[in-house]
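Common to both upcoming complexes is subunit A, partnered first by subunit B, then by subunit C.
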Partner chain A sequence: MLMAAACQFAMAQDVVLVVSRKCSVSSLTQEQVADIFLGKTSTFPNGASVIPIDQQEGTGEREAFYHHFIGKTEAQVRTYWSKIVFTGKGYPPIEVVPPERVKRVIRDNPNYIGYIKRRDVDASVKVVVVLHP
Partner chain B sequence: MRHASSIHKLASRAQEPYVLFPAFAVLLLIVIWVGCLYVIRVEQAAAEKKASDSAIDLVETYEAQMIRNLGRIDQALGTVKYAYETSHSPGTLTILKERRLLPPSILFTIAIYDQHGNPVGGTSAAPLAPISGQPYFRNHLAADVPGPTVQRVNLADGKIKLLFSRRLNGENGKFLGVAQISVDPAYFTSGYEMARLGKRGVLGLLDKDGIFLVRQTGDTVSVGGHAHPPSEASRLEKTSIVLETHEWDGEQRYAGVRPLFGFPLSVLVGLSKTEQFDEFHASERAYFYWAMLASFILVAMAAILSRYAWQLSETRRRTRKDQETFYAASEASMDAMFVLRSVFDGGGHIVDFTLESANNRAAGLFRIPKEAIIGRKVGDMLPQVHENGIFKDLVDVSTTGEAREHEWKNDLPMLRAAWLHRQVVAVEDGVIVILRDISERKRAEARIVHMAHHDALTGLPNRSLLEDRIQQAILVSQRSGQSVMVAFMDLDNFKFINDCLGHAAGDELLKAVAKRIQKNLRQTDTIVRLGGDEFVIVLSSQQEHSDALAATFSKIRAAISEPLFLAENKIEVTASMGVAVYPNDGMDSGTLLMHADAAMYQAKALGRNNCQFFTPEINGRIREKMALQDGLRVALGREEFTLMYQPQVDIRLGRIVGVEALIRWRHPLRGMVSSHDFIALAEETGLIGPIGEWVLHTACRQNKAWQDAGLPAITIAVNVSPRQFKDNSLLAHVERALKETGLEARHLCIEVTESMLMQNPARAIATMEALQAMGVTLSIDDFGTGYSNLSALKSFPISTLKIDQSFIGGLPSSEDDCAIAKTIIALGRQMNMRILAEGIETTGQLAFLRENGCNEGQGFLLCPPSPPRRLRTC
Partner chain C sequence: MPPAFALKRKAALTLAILLACGPARAQEAAQAQEVPPVPPIFSINGFGTVGVAHSSERRADFVATDLQRKGAGYSNDWSPYVDSRVGMQLNARFTPDLTGVAQVVSEQRYDGSFAPQVEWANVKYNITPDFSMRAGRIVLPSFLLSDARKVGYSSPWVRTPAEVYNLVPITNSDGIDFSYRQQFGNARNTIQASVGQGSAKAPPDNDITGKRGWGVFDTLEYGNTTFHVSYFRTRLTIEGTQDLEAMARLYGGSAGAALADKYGATDKPFEFYGVGASYETSRWFLMGEYGLINPHSAYGKRVGGYISSGYRIGQVTPYVTYAFADVKSNTSDPGMPLPPAWYPTYSTIAAMNARLNSVLSSAPVQQTYSTGLRWDAYKNVAVKFQFDHSRLGDNSYGMLNNRQSGYVRGGSYNLISATIDFQF
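On to the complex of A and B.
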């Protein structure tokens, strides 16, 4: 049932989380996703190191992702990173421009995790199922 | 001295717990509050220091953060500058960004502008506007300053950015353009932590003029406001914190500023005093609260404890006072007081008592010092208590709790007393015994009993023992079949002797008589003094022979009548005795006494100085006498008296010169009773008073009646008895009689006997003079029969001498009588008194008298006593 709910959740969104096919991770909780993208953890649950990939500010994918998966607006995200970066406690995810490159970057590195438009998903990447809590 | 003692008293009072507790409490209160205030002071200083230290810490942390950030910005700018100056490529930024050599785009917007101010490239998606008009562009165009410049720019969309820029140089230092990094000023205060800076703290970046490029307080980020910029030199010095009020928001803060190396900037951090001291103030309040609570509790406790202590002290004082009172009372007591504590055996039974304490009198009873008896056991000291029941008494009281008392003749050799009274009272764990030596009381009681039963003067038993003795004698005689004699004895003329020689002599007489009689009595006999001169003698175990009896009494009478010498006076006493014999004359003491008394009366009647044995006739005679007495009492009321009048005649002239009033009694049963019989009785009973008064009245009235009837005035002579004469009211009676009848006093003559006058001459003279003063005349009756003192006779205001009829009777034959009569007549004539001869019965007597100068006379010959009617004819 949970799977169904998660799938439903995933399917409702425009963007999906993707990782390399070489990556063993296939599902993450929303919390884990948030931890990764907010710099709170640098590893996957299985211990492998993870590097989150952001799209450029202003892109719809970014806005949708942060809205749906992190639950923050851009301004809130900026404020969050402002303190962390200022105090030297962390670094935001790498920006990859343009959106098409994201897939390519992720495909090659099993440590990357990023988000693309659902319709852009192809066999080169694997969709990560996000479990809604 | 008083000072010292009052100080001493104060000092000891001060040591009482109820004084110490409050004092201690006050002390503690002071300690608590001083401590509290001190701790608060300390905490305040600590809070200040903490605030200050925190501020320092925060300033230095912020300084470090700023340095790092600025450094990174500077580094990035430098990289961009180098890359572009090297490559002149518009894609420089993209490449640099890909190489991760640029700060995060989310926060920093990096752009390159050419020498005309047109954008070459940027990291943000937003389009870039030319900057040719910007002052900083123009500055860079103008000069090549070594480090980055910083300024605030207002963007077209109203946002404010802080812009760091550097000049780009081409070959030969040709102006190539500007590279810049712009960032939201709020970035630089995004490190503001509420936890450390509070809501009212301040974190800010100052430009070289001291104007805030960015300032954050709580959640609010603002621009502007002025603070004093630090000096360059202070960069290498310790941070100093200053308490200042910030003019941009009026908050008082602990603030510190530090200049940033390499940049024309300084950082300012401030902590709100109010906020920093919040905790302190809360703590301060808490301290006060606890101090107040503690104070309150302390005061309450001190009050309670003090009160308890005071109560305890009061109780102690009261107990001590009670003890002192008890001690004083017991020491002052006339009784011996012992406090005994029970001594128990294993089974809880009392086997002995320990003497816990005793007062001084107690020790006195033992005649040994107190210390010697305290602590000893009663059973050891007085072992007899187990035998005589005292020990049992003590145990009973101790167990039942009821008090007991007992009087007993002392049988405890250790105690020196004849009789003791003990009171035993139960107390806790023992008894209190109060002993009183009642030997004296017992002796006094015995004395009183003796005194009650014995006559004080003679030592003989008195009336109270009489019946008892008679009973005892009867009992004894019953057994032996013999008789008991009860004799009433009365001394004749004791009164006379008492009056003549005085009461002291009379007492001596009684004592002597008592002793004499006692000498003649046996052990089994009793003599009792009834009172006055009356005695009762009880002789037990007597033979019935009257001879023997009579002999006994003769002996007694002889003993009594032996002459006595009292104060050089030779006295001879005689006694009248009446005897009753058990069982003949009575079976009980009452009857015997009554009959003995009657017999005595008989003896007196028979002339005294004799002993009469009771006979039934005596009784009769006594009864008769009693009856006569009774009759006499009512005779006056029944008008049974009459007066007869015997004329007194002038024998020469044959004329009546007076009458003598003579009383007669017409007894309803006996008929006429002669005055000789009942006057004596009247004297005895005191009835003579009213009878005499009646006689006076009647006589005066009669005489007045005769005068009123026209008869020639004569004197009426009235006899008065010795008792009347002695009575004070005689004069009043005479006066009243004269007044009421209207008779003139000179027509009344009062006749007194010689012996009456001689009893108390002085008094007699006074009475007679008083009568004379009234106008009444006086005559002496029965002259010659008494013991007259002739000189006294001189002073009596007498008008008439009446020669007693005993002398007249012998005339003219008896020579002695003649001589006496003649003498009296002569005496009377010499003394100018009238002479009246009494009892003239023969003519020979009459002739003699007439011849010898006696003028008046009365007698049967002349006229017998007659009723008033008859007299008229005489």
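On to the complex of A and C.
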């Protein structure tokens, strides 16, 4: 229980953006991250295609990620996708569970990008530096 | 990058990934490749609103759009028919670049029924990542929130401000559109061009038909700010005054023909100009829109605008909105010269002049002050309350319809609304 409660309060510095080690991208601006996760672009700045993956709604990682990297609450993100989905303009990122699978998907697929807890980072993935304006 | 090259590049990339995956799996039998989840080809989403509205004006009905037959006030003290609706959407992802969408909406119509209508049904093809084409029944993106206008959950208010959103009765177009996205530094511009035709049905049973329509719509996003500009034109026929046109030509000689040409609503150029802007952060929003229509008919050159702002406190977002509608063309006309009172056509011509003037004065003139709040009560459920105070122009009944005997134009009324918006 305590562990679960602690997860809910994962702070910004505890969630990091990760890509495959095979991916050449090592840094993104906060705006580029938002564009990728809000479906406004389908490519990395270098032109390679990018597919964002989400953790499950209600997880501390997801809440912290959207709050600190995108600047939106989960309710605002749902409202945003409501506008996009109900016009056929796009789809929210696919959800991958559990977090260990997020790491494996990213490890093996250089076009994917996701977020995990900093303490879960290991040699299989690469942390992307997010440049704040 | 030329489109053809981009396509080839994409195909080459896919091939490379496929080739890379094959041997990798064989070599690393111990460490299985993690295959990313593939989104389903077909998915279904739905949305809806359950709401009630109460108006202080008892001799007429408040309606959310001109296309509804009955509303709050005269027909129902607390009307569930103004805002309630349900929509179902089928999404198809045939390939990442070929997608389709079909949306069916049930809401109150011109005849008071809730017969479901196909709101849109189209396929979209991404010619390049930034250039796409759609064909079928497509939303007409006249306004900032046109796309999701019927999805209450996606907007901060109980309903989109009628002063602006009711300017254009037709919300979708059967045809094709192209969308081109460009990046200028931190700004992203999307220009859309569409051609097609559309229609709507207004009470009691009048067809509104737009033919040979085309429009250009531009959206510029810069950080938290979005600008929207639109121009749309169609050949519009509004059923309901065609007998008047015919009679004016028959009885009115050259004066009658001139009136029929000026005020007739058969195959007339209808033009719409719109501008809008919004600024939204995780804490608050500020947005406004202004629109002008010129239907080149008795329905009058109309303008409408609104400005709205809200501030989020936890799960609750209170907001205020000011909206206005006005008419920029004449709201009365002497009509056809009357013959002497003993003449057989006297009463016919007098009645025709009266009908012409009733259409001319139907353009709404009103100001509305609104305040309300949105409460994100549960995941995918928003509860909203709104209070509106509308002041009508001296000779206007604003957007009230189903007016009963004893109704007096002008004055003001209050409206209370409560809705629950959901999506799934």
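Note that in this section the second predicted complex is superposed on the first by the 121 of 133 C-alpha atoms of A that agree within 3 Å, B and C clash if a C-alpha of one lies under 4 Å from a C-alpha of the other, contacts with A are read in each partner's own complex, and residues count from 1 in each chain.
As a convention for this text, a residue touches a chain if its C-beta (ideal position, glycine included) is under 8 Å from a C-beta of that chain, and two chains touch if they have at least 3 such contacts.
Remember, predicted model here, so these are calculated numbers, not experimental data.
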First, second, both or neither for A:132, with subunit B first and subunit C second: neither
Partner chain(s) touched by A:108 [first = subunit B, second = subunit C, both, neither]: second
Touching partner for A:51 - first (subunit B), second (subunit C), both, neither: second
Subunit B versus subunit C as contact partner of A:73, first or second or both or neither: second
First (subunit B), second (subunit C), both or neither touched by A:86: both
Larger contact residue set on subunit A - subunit B or subunit C: C
Partner chain(s) touched by A:40 [first = subunit B, second = subunit C, both, neither]: second
Contact residues common to both interfaces of subunit A (with subunit B and with subunit C): 57, 78-79, 82-83, 85-88, 91, 94-95
In the complex, subunit C residues that touch subunit A: 10, 13, 17, 33-37, 39, 45, 47, 87, 89, 91, 93, 99-101, 103, 120, 122, 124, 129, 139, 145, 147-148, 150-151, 153-154, 186, 188, 221, 223, 281-282, 312, 315, 376, 379-380, 423
Residues of subunit B defined as touching subunit A within the complex: 65, 68-69, 94, 97, 100, 103-107, 124-126, 184, 186-188, 190-191
Complex interface listing, subunit A residues touching subunit B: 54, 56-59, 77-79, 81-83, 85-88, 91-92, 94-95, 97
Partner subunit C, residues of subunit A touching it in the complex: 31, 35, 40-43, 48-49, 51, 53, 57, 67, 71-73, 75-76, 78-79, 82-83, 85-89, 91, 94-96, 101, 104-105, 107-109, 111-112
